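I have placed the structure first, in the form of C-alpha cells, so that the comments after it can refer back to it.
We just call them A, B, C, D and E in the order they show up, numbering each chain from 1.
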Amino acid sequence: MLELFFGFAALLVVTSLLVVLHKNPVTSALFLVLAFSSLAGIYLLLNAEFLGMVQIIVYAGAIMVLFLFVIMYLNLQHDVETGLQIAVRRGIGWLTGVAALLTAALLIRRGWALGPANEQLPEAAAGNVGALGRTLFSRYLFPFEITSILLLVAMVGVIIIARGRTKTAGEGA
Amino acid sequence: MIPLPYLIGLSAIVFAIGVIGVLVRRNALVIFMSIELMLNAANLAFVSFAAHMKSLDGQIFVFFVMTVAAAEVAIGLAIIVHLFRLRESVFVDEIHLLKG
Amino acid sequence: MLWIIPALPLAAVALNLLLGDRLGKRGTTLLAVGSVVAAFGFALRAVLHLAGLPEAGRELHEVAWTWMRVGDFSVDVAFLLDPLSAIMVLVVTGVGSLIHIYATGYMSHDPSFRRFFLYLNLFMFAMLTLVLADNYLLMFVGWEGVGLCSYLLIGFWTERPAAAEAGKKAFIVNRIGDFGFMLGAFLLIGATGSLAYSKVFEAAPHVFAVGGGLITAATLLMFLGATGKSAQIPLFVWLPDAMEGPTPVSALIHAATMVTAGVYMLARSHVLFTMAPVTMEVVAWIGAATALMAATIGLAQNDIKRVLAYSTVSQLGYMFMACGVGAFGAGIFHVMTHAFFKALLFMGAGSVIHAMSDEQDMRRMGGLASKLPWTHATMLIATLAIAGIPGLAGFFSKDEILAAAWATGHKGIWVAGMVGATLTAFYMTRLYVLTFRGPSRLSHEAEHHLHESPPSMIAPLVVLAVLSVVGGYIGMPFQEGGNTLARWLAPVLEAGGHGAHGGGHGGGHHLPHSVEWALIGASVAVGLFGMFMAFRSYLWSPAIATSLQARLSGLHRLLENKYWVDEFYHATVVRPFVGASEWLWRVWDAKVVDGIVNGVGYTLEGGSAILKLFQTGFVGTYALFITLGVIALFLHFLR
Amino acid sequence: MNLVPQPNFLPVDWWALGAVLALTVGSIVLLLMEFVPPRPNGNRGPIVSLLTLAVAAYAVWNVRFDKRALFDGMFVHDGLTVFFTLMFCAVGAVSVLFSWEYTKRTRMSMPEYYALLLTSVLGMVVMAASNDLITIFLGLELMSLSLYVLVGFRRNLLESNEAALKYFLLGAFASGFLLYGIALLYGATGSTNLQVIGDFLGDSPIANNGLAVVGGLLVLSGFLFKVAAVPFHMWTPDAYQGAPTSVTGFMSAGAKAAGFAALIRIVMRALPSYADEWQSLLAVIAMLTMTVGNVTALLQTNLKRMLAYSSIAHAGYILVAIVAGGFEGYGAAVFYLAVYSVMNLGAFAVLTMLGRGHDEPLLVSDLSGMGFRRPIAGLALALFMISLGGIPPTAGFMGKLMVFNSAVKAGGLMPLIIVGVLNSVVSVYYYLRVTVALYMREPEGEPTAFSWNAPAALALLVTAALTLWWGLQSQSLWIEAQRSVLGLL
Amino acid sequence: MASIPWLSFLVFFPLVGAVLLLLSPKGAERSARLWATVIAAIEFAVSLPLWWRVVPGTPGFQFEEKVDWIPVLGARYHLGVDGMSGLLVLLTTFMSLIAIVGAWTSVEKRTKEFFALMLALEAGMIGTFLCLDLLLFYVFWEAMLIPMYLLIGVWGGQRRIYAAVKFFLYTMAGSVLMLVAILWLWHHQKTLTGTPTFALEAFYAMPLAPSDQFWLFLAFAFAFAIKVPMWPVHTWLPDAHVEAPTAGSVILAAVLLKMGTYGFVRFAMPMFPNALLECTPWIAWLSIVGIVYGAVVAMVQPDLKKLVAYSSVSHMGFCMLGLVALNAQGFAGSMMTMLNHGVSTGALFLLVGVLYERRHTRAIADFGGLWKVVPVFSVLFLVVTLSSIGLPGTNGFIGEFLVLLGAFKANLWWAVAAATGVILSACYMLWMYQRVVFGPVTHEENQRLGDLTGRERLVFAPLIVLIFWMGVAPQPFLDRMQPSLDRVITMVQTRAVANDPTLVIAPPKTPTPAAPHGKPAGEVH
C-alpha cells in the first residue's frame, strides 16, 4: 500500500514538475492530466473512491479537455523562454517557491497537532456515495446552493466575455 | 494507512511547485494550470486530513473546491481567449498597459 | 485747568485736519498761532497761580483719567505743574509762539503751508505733554511724540530724498535712545512698582542703595534716552542732518525745545541721578566731550545752519555738564537762555537764508550787515550772548555752569568748558563775520533779490534779542541763598537732597567771591580771545585762515567731515545689519527653513516615484510580491 | 435520525435568509429578462436590481434584532451580518444608480451586468454572514468571479480586459493560498467552523501548533489580498484603473468591505487566542499599507488609479482599528468601512459622469475648472475628497477619529497612531490636488464634457448628504457599528 | 438675550448667509457683495452686546450653551464666552465686516463664491473662539482651513496654489498630533472619572502627571505655534499673505493668527501647567528670536505684503512672549497686542490692497512720492504705520509696553532682548513708508493714482478711531479681559503645584521684587 503511494507520489511530483517546466503548453496540459490521475490514485488509497472518480471525470476529463481545447484553438506553439530577464525571473521564482516551502515546513515541524478525530467514520464506508450525498444535502445544503449559483455565474460570465462582437462593437479600444 | 506527514509533505511540495509555476512562467495558460495544481494540492491535504480524522467533511470540501475550480477555469479561459483575440498573445509580460 | 495747555494745540490740529483747506491761509495762521499764544496765556496764568502758592506745596497736580491699570501696575494720564515744569512750559509756549509768528512769514510762500502748521501745533502738543506729565510713561508719550513731529518736520519737503532720509535717521536714532528710556523705566517699576514721579522719588531712597548697581543701571539707561533726544555722544549724529527741515523748525525743535527734553528729564529725575555718582560722572564727561567735539566740528563747517546745529550740540553738552556736576539748576538756566539766543540765531539765519533766496553757504555771503540791518543787529546780540560777553544771557548761564564745575571739584570738566567756550566764541564770530562783514561774495542775481525780511519775521527776532539780553538777570550771581532762579527751583531740586552731591541746588555753590570773580574773568577772557582770533583770521587778514587750513589740512578735513562718525556708524552698524537681514531672508528663511519644509515634500514624491517602479504591470511581479509577503508572515512567526 | 433532514425553518429564519434568496431570485430574473419581449431599453435592469436590493434589505431589516445560526452554524444571522448585509445592499443600490446611465453610455447596458452585480452582492452577503471557512470561501469566490467578469465587462477595451486578466490570475493565485490555509486549519482543528476552531485553538498553545499557524497565516494572507493590504495590494491599482468606472466604484466599496467583514469575523471568532501574534503582525502591515498607499498615490495623474491607492491607504487605517481590537476597535473598523464606502461611492458617482459617449477623461487635470462649471458635482467631489482626507466636518474625520480613538484606548500603539495621523496629512496632499484642479485651474483647451444624469445625481446627493451628516452627527452610526460587533464578543 | 441661543446664532448666522448666497442665482455679483455686507453688519451688530453683556469682573464662562453632540464619546456642543473670547469675537465680527466692505471692488471674478467663503470663514473663526469642548474645537479649528485655503487658492496671486496648499498642509501637520493628544486626554479622563467627556472644564480639573504633560503639551504647542506662527515654523505665513487676496490677508492677519495664541491661553497653558513651566524659557527665547528675526527680515522685503507679513511674525512674537511671562502685565499686554495687531495689521493690508487695486503691483520699488498724489491715503498710511511701530498714544504702544513690562518682571534679559524689536520695527516700517510715500514721484503711472474713495474712507475711519481709542484709553479693554486672564494664571500656578507637590512657584524673577510703596527690598540692604 505504501509502495503504491510512493509510486503515485513520485509520479505526481514528476508530472507536476514537468507541467511547470515544459515549454510546450500542450505537453504541460497533458502532464497535468497525468498529475491529476495520479492524485486520483492517492485518493483511492485514502479510500475516497468517489472523489477519485470525480477527480478523473471532472478534472482529468472536463477541465483538462477545456484547457487542451483552448490551447489548440489558440494554436500555441513552444513558448520562447530565453533572455536574461526570464532567466532572472526563473531563478527568483524558484528561490521564492522553495523558500516558502522551507519556512512553512520549519513552522509546521515546530509542533504537530491534529484536530480531534472521530473514533470511526459516522456511517458505513468512507467511499460510500450515499453517505457523502446525505451529508452534502443536509449539513452542506447551504454551500451546495451557493455553488450552484457559482456555476451559473461562471456560465453567464463566459457567455458575456467570450461572445463575439455584438452590440458592444465599435467601442473605442 | 499512509502516515499523515507524507501526505502533507506531498501536498506541500505540489503546492510549492504550483506557486513556482505561477512565478516562472509567462504563458497565462500555464500559469493558470499551475494554479490548478495549487488547488489540487489543497484538495489532497483536505482528503488526507479527512482520512486521518475519519470524517467526511474533508471530502465534501474537495467537492466544493472542484466546483469552484471548474467555474474559475471557465471564466479564466474565457478571459484568456478574449485577451488573445485582442492582443494575439497570451504572454503576461506583454500585457502591461496598466502600471505605475 | 492744566490739561487745556496741551489740549489747545491739539484742538488746533484737529480743527486743521477736519476743516482742511476750507479755512484759508489766514484762517490757518490764526488757528495755529492763536492756539499757541493762548496756550502761552494759560501757561502764564497757571504759573502765576503757582507762584502764589506757599513754597512748601508749590505744585499743581491733576489727573485726567486712568490710562491703564493692570495687576499691581497702574498709570494715569495726569499733569503736574511745579517750578521746574513751569519754566519749561513758559519757554516752550513763549518761544514757541514767537517762532509760530516768525514762521507765518517764513513759510508764507510754501504750498503746504497748512500742513506745516499742523505739524508745528502737533509738536507743541507733544512737547507740552512731555513737560507737564506727572509720570515717566506720559512723559514718554510726549518724548516719542516730539520725536515723531521732528521726523515729520525734518522730512517736511517730502520730495527731497535727503530730507526724508534725515527724518528717518532722526527717528531711528531717537528710538535707540527710547529703548534705553523704556528699560530704565522698567527698572524703576521693578524697584518702586510705579512710574509716577512722586511715588518713584518717594520710594527711591528706600529701594535703591546709593551708588548701587541697580540705580546706576537705571539712570544710565535713562541717560541713554537723553543722549538720543538731546543729541549727545554717541547719538548726536541726527541733529546736523535735521537741518534739512525748514528753519523755523530748526529754531523751535532743534534749538529751543525738543533737544532740551533730555536735560529736563535729567533735572526732573535728579533724585535718582544724584543717587548714582557713577552716572553723574558719565553724564558730566559725555557732556564735556560732546561740547568739545561739536565745537571743533563747528569750526570747519560752511553751511550756516550746520554751524548752528553743531553749536547747539555743543551747548547741550554744557547743559549735561551742569547736570553731571549736580548743578541741575544751572542746566535748566542754560536751557532757558540757550532757548532765547539759539532760537534767535536760527531765526536770524533763517532770515538771512530767506533774504538770499535759500542760499546757505557762508562762503557766498558776506557784507550783509548793511543790507539786513535788523537781522544783523539781532544776530550780533545773539552772537555776543552765546560767546559769553558779560551782561548778556549766555554769559550768566555758562559762567554758572563753569563755576559749578569748579566748585564741585571737576577741574577737568572746567578746563573742557573753558576750551569749549573759546571755540564757541571763535566759530560764532566766524559765522558772524563771514555772513555780515567783509566784502560781499554774493552772486549777482542774489545781490539783486536781496531784501530785509517782513515784520512778521523781524518782530520775533527783536523780542528774542531783548530776552537774550535781559534773560540772564534772573540768574545773577553773588546773591545770598542763590539767585532768583535757584530760589524758584529750590522746592523741586532740593526736594531730594540725597546722595553724594549735595543736591543740585541751582548753582548756589559755595565759592569765595574772589574765586568766583577769577573764574568769571577767565571765562570772559577766553571768550574775548576767541572772538579776537576770529576777527583776526577772517576779517582783518583772511590769509591766516587759508594758510591755517593749508597747514592743518588733515585736521581740517577731519573736522569738515565731522570725524567721519556717520561713515563709521554706516560701516559698523547699518551695512552689516542690512547684510544680515538679506542673508537671513534669502538663505536661512528661503533655503534652510523652507528647504526643510519643501524637502519633506520632495522626499515623499521621490519615495512615490520609487514605489511606482515596483508597480511594473507584470502579473509575475505581483505574484512574486504576494509570495514574498507570505514568506514574510512565516518568518515573523519563525523569529 | 432522518438521513436527509428537512430543516424545519421558523419564519424568522426565512426572513434571515431573505437577502440571499432575494438576490438569487433577482439575478435569475434579470438573466431571464432578455427573453421577455419587448427588448429592454436598458432601464429594466437597474429597476429590477434596485427592487431586489430593496427587498433583500427589507427582509434583513425586518429581523435585525434576532440572532440565528442556520445550517449547523454555517450561516449566522447576527449584528455583523445585518449591518453588512444592509451596507452591501446600499452599496449595490448606489452602484446601480450610477451605473444606470454610465452603462448605457459605454454600451454595457445589459441585464447580465446587473445580474452579476447582484450575484457579487450575494457573494459579499454570504462572506459576511457565514461562520464557516468553506462558506466564506465560496462566498468569496462567488463575489470574485462576478467581479472578474464585471471588471472585464468593457470587452473591447484593452485596459478593461487586461485588468480582468490580472485581477483574475492574481485572485485565483491568492485564493489558492487561502484554500490551502483553510485545509491546514481544518487539519489542525478538525473543523472549518470558526467557533469550533476558536474554541480548539483556545486551549492549544501556539507553540506546538505549526499547522494552525501556517494555516492561519495563509488564510490571513488570502484576506489581506482581498482588502488590498501591502504587500498583497499590487493588483488593486491596475484592476481599479482598468475596470469600468462604475464597477471600480462598486468593488472599491463592496469587495473591500466584504473582505474586512470576513476578516473581522475570523480574527474575532477563530483567532482570538493568538491575538498578540497576529496583532503585532497586522500592526506592521497596517503601517506599511497606509504609507505605501498614500505615498504612491502622491504622483498619480489618473483619478481612478489615485483612488485605488487611496483605497489601499484606507485599508491601512481600518487595519489599525482591527489591531486595536476590542469592541471599540472592531466597531471603529465597521464604522470606518461604512463611512469609507459612502464617500468613495460618492467620488466614483462623480467620475462616472465625466466625459461623454465612451470616452472617459479621468486625469486629474481633466477636472480643471469643473468646480465652477459644474457647481454641484464639483462641490460634491471636493466634499468627498476632503472627507477622504479626514478633515472635519465630514464623515471621514469621524471615521479617523473613531479609529485612532480605539487605537489610543488599546494602548501601546503610539507609533502606529503617529504613523497613521502623519499619513493622513500626506494623503491630504493628493486629495487637495483634486480640489486644486476643480477650483484653481482653468482648463487648457476645451473643458471636459460632463454627462449629468438623474440617477447618478441621486446617488451623488445621497452619499454627499450622508458624508456631511455623519460628519456632523455620527452618534447613530457609531451605535449601530458597535452593536454589530458586540454580539460576537 | 441669554434665553435665545445667542452664541449659536453668532456662530451659524454667517454660515446660513453663506449658504443662501451660494444658492442665489448666477450673475448677481453686485447684490452678492451687498448681501454679504448686510449679513456681516447684522452679525457685528448682534455681537456688539458682548461689549456690555459679558460682565467684566466675572472670570468664568457666560451664556453657556450645552447640547449633547456625540453622547457615546461624551462630546458636547458646548459654547461659552468670557472676557478673552468675547473681545476676540468682537474683533472677528468687526474685522470681517471691514474686510468684506474693503473687498467690494477688489474681487473681479466669482464674487458670489468669494463672499460666501468669507462668511463661512467668519463662522468658523467665531466657533473656534467660542467652543468649550475640545472635539468641537478641533472640528472648527480644522474646518476653518477649508475656506481660507480656497480663498487663497482661487482668488490669490501668481503662486497661489503653492501658497494655499502649503498653508493647509503646514497647519494640518501641526494639528493632527494635537488630535492624538486630545484623544489621549479623553481616555485618561475616562479612566479617572469613568465618564467620557471632551469638556474643557473637565480637563482643567484633571490631575496630570508632569511626565505625561510634557509631550501632550508639545503636541498642543506645536499645533498652536504653527498657527501663531512662531519662529521657525513661520514660513507659511509670508507665502500665504503675499498670495492671498486682500480680504484674505486681512482676516488671516487680523484673526486667524490669534487662534494660535488663543489656543495657548485657553488650552495648552492651563491644561499642562508643569510642562509649560518647563518649556517657558524655550518658548520665550523662540518668541524673542521671532520678534527680532521677523523685524530683521522684514527690513529687506521688496514686496509690501511680504514686509507686513514678516512684521506680523515679529508682533506675534510679542504676544507669545507676553504669554510665557505668566503675569498680569504680560497676559494683558499679549491680549492687547492680539487686538492691536488685528486692527493695525488688518488696516495695513487694506492699505496695501488699495494700492494694489490701483496699480496691480505690490513692489515697494514701484511706488514713491505718493504723498503729493494721494495725501489722504498717505496720512492714513502714516497713522497705521505708527501704530504698528507702537508709537505711544496709539494702540500698538499699550500692547508692546505691557508685554515688555511683563517679560521684564519674568526675566530681565527677555525684556532687554525683546525691546530691540521696538527699535527694529521703527527701522523697517519707516524705511518702507519713506520709500513708498516720500521722495519724488518716480513712476509715471503713479501720477494718476486716485485717492481714497468714499467707501474706502468709510472702511478706514473706524480703524483709525480704534487705533487711537485703544492707545489713549485702553482701560475698558483691559477691564474686560483681565479677570479671565488672571483665572488662567492662577489655574496654571495652582494646578502646577497640585500635579507636582515638590514644585515651588518662584515669585516673578526681577532684579528686586516689586515694592509698590517703598518697602525696603532686594539688593538694597
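Structure notes:
The rule is simple: contacts are C-beta pairs under 8 Å (C-beta built on N, C-alpha and C of every residue); 3 or more make two chains touch, one makes a residue touch a chain.
Worth saying up front: this structure is predicted, and the values here are computed from it rather than measured.
Path length between subunit B and subunit E in the chain contact graph, taken as the least number of steps between touching chains: 2. Of all the chains, the one whose CA centre sits at the greatest distance from that of subunit D is C. Among the other chains, C has the CA centre that is most remote from the centre of subunit B.
More inter-chain C-beta contacts link the pair D-E than the other of D-E and A-C. Centre-to-centre spacing of subunit B and subunit C amounts to 98 Å, using the average Cα coordinate of each chain. Work out the mean CA point of subunit C and of subunit E, and you get 37 Å between them.
In terms of their C-alpha centroids, the spacing between subunit C and subunit D amounts to 80 Å. Here the CA centre of subunit A is 29 Å from the CA centre of subunit D. Along subunit A, residues 89, 92-93, 96-97, 100, 104, 107-108, 112, 114-117, 140, 143, 147, 150, 153-154, 157, 161, 173 each make contact with two or more other chains. Each of residues 134, 138, 141, 145, 148-149, 152, 155-156, 158, 164-166, 169, 173, 177, 186-187, 190-191, 213-214, 237-238, 429 in subunit D touches at least two other chains. Chain pairs that touch one another: A-B, A-C, A-D, B-C, B-D, C-D, C-E, D-E.
Against subunit C, in their complex, subunit B makes its touches with residues 19, 22-23, 26, 31, 92-93, 95-100. Looking at the complex, you find that subunit E touches subunit C at residues 166, 170, 232, 234-236, 238, 293, 296-297, 299-301, 327-329, 332-333, 369, 371-372, 386, 391-393, 397-398, 401-402, 404-405, 408-409, 415-416, 419-420, 422-423, 426-427, 430-431, 434, 437-440, 472-475, 478, 482, 486, 510-512, 514-525. Considering their complex, residues 65-73, 77, 137, 140-141, 143-145, 148, 151, 155, 158-161, 163-165, 167-168, 171-172, 175-176, 178-179, 182-183, 186-187, 189-194, 199, 202-203, 206-209, 212-214, 577-578, 580-582, 584-585, 589, 593-594, 597 of subunit C touch subunit E. Residues of subunit A that touch subunit B in their complex: 1-2, 5, 9, 12-13, 16-17, 19-20, 25, 28-29, 32, 35-36, 39, 42-43, 45-48, 50-51, 54-55, 58-59, 62-63, 66-67, 70-71, 73-74, 76, 79, 81, 86, 89-90, 92-94, 96-98, 100-101, 104-105, 108, 112, 114-122, 126, 131-132, 135-136, 140, 143-144, 147, 150-151, 153-155, 157-158, 161-162, 173. On the subunit C side of its complex with subunit D, the touching residues are 601, 604-605, 607-609, 611-612, 614-615, 617, 619, 621-623, 625-626, 628-630, 632-634, 636-637.
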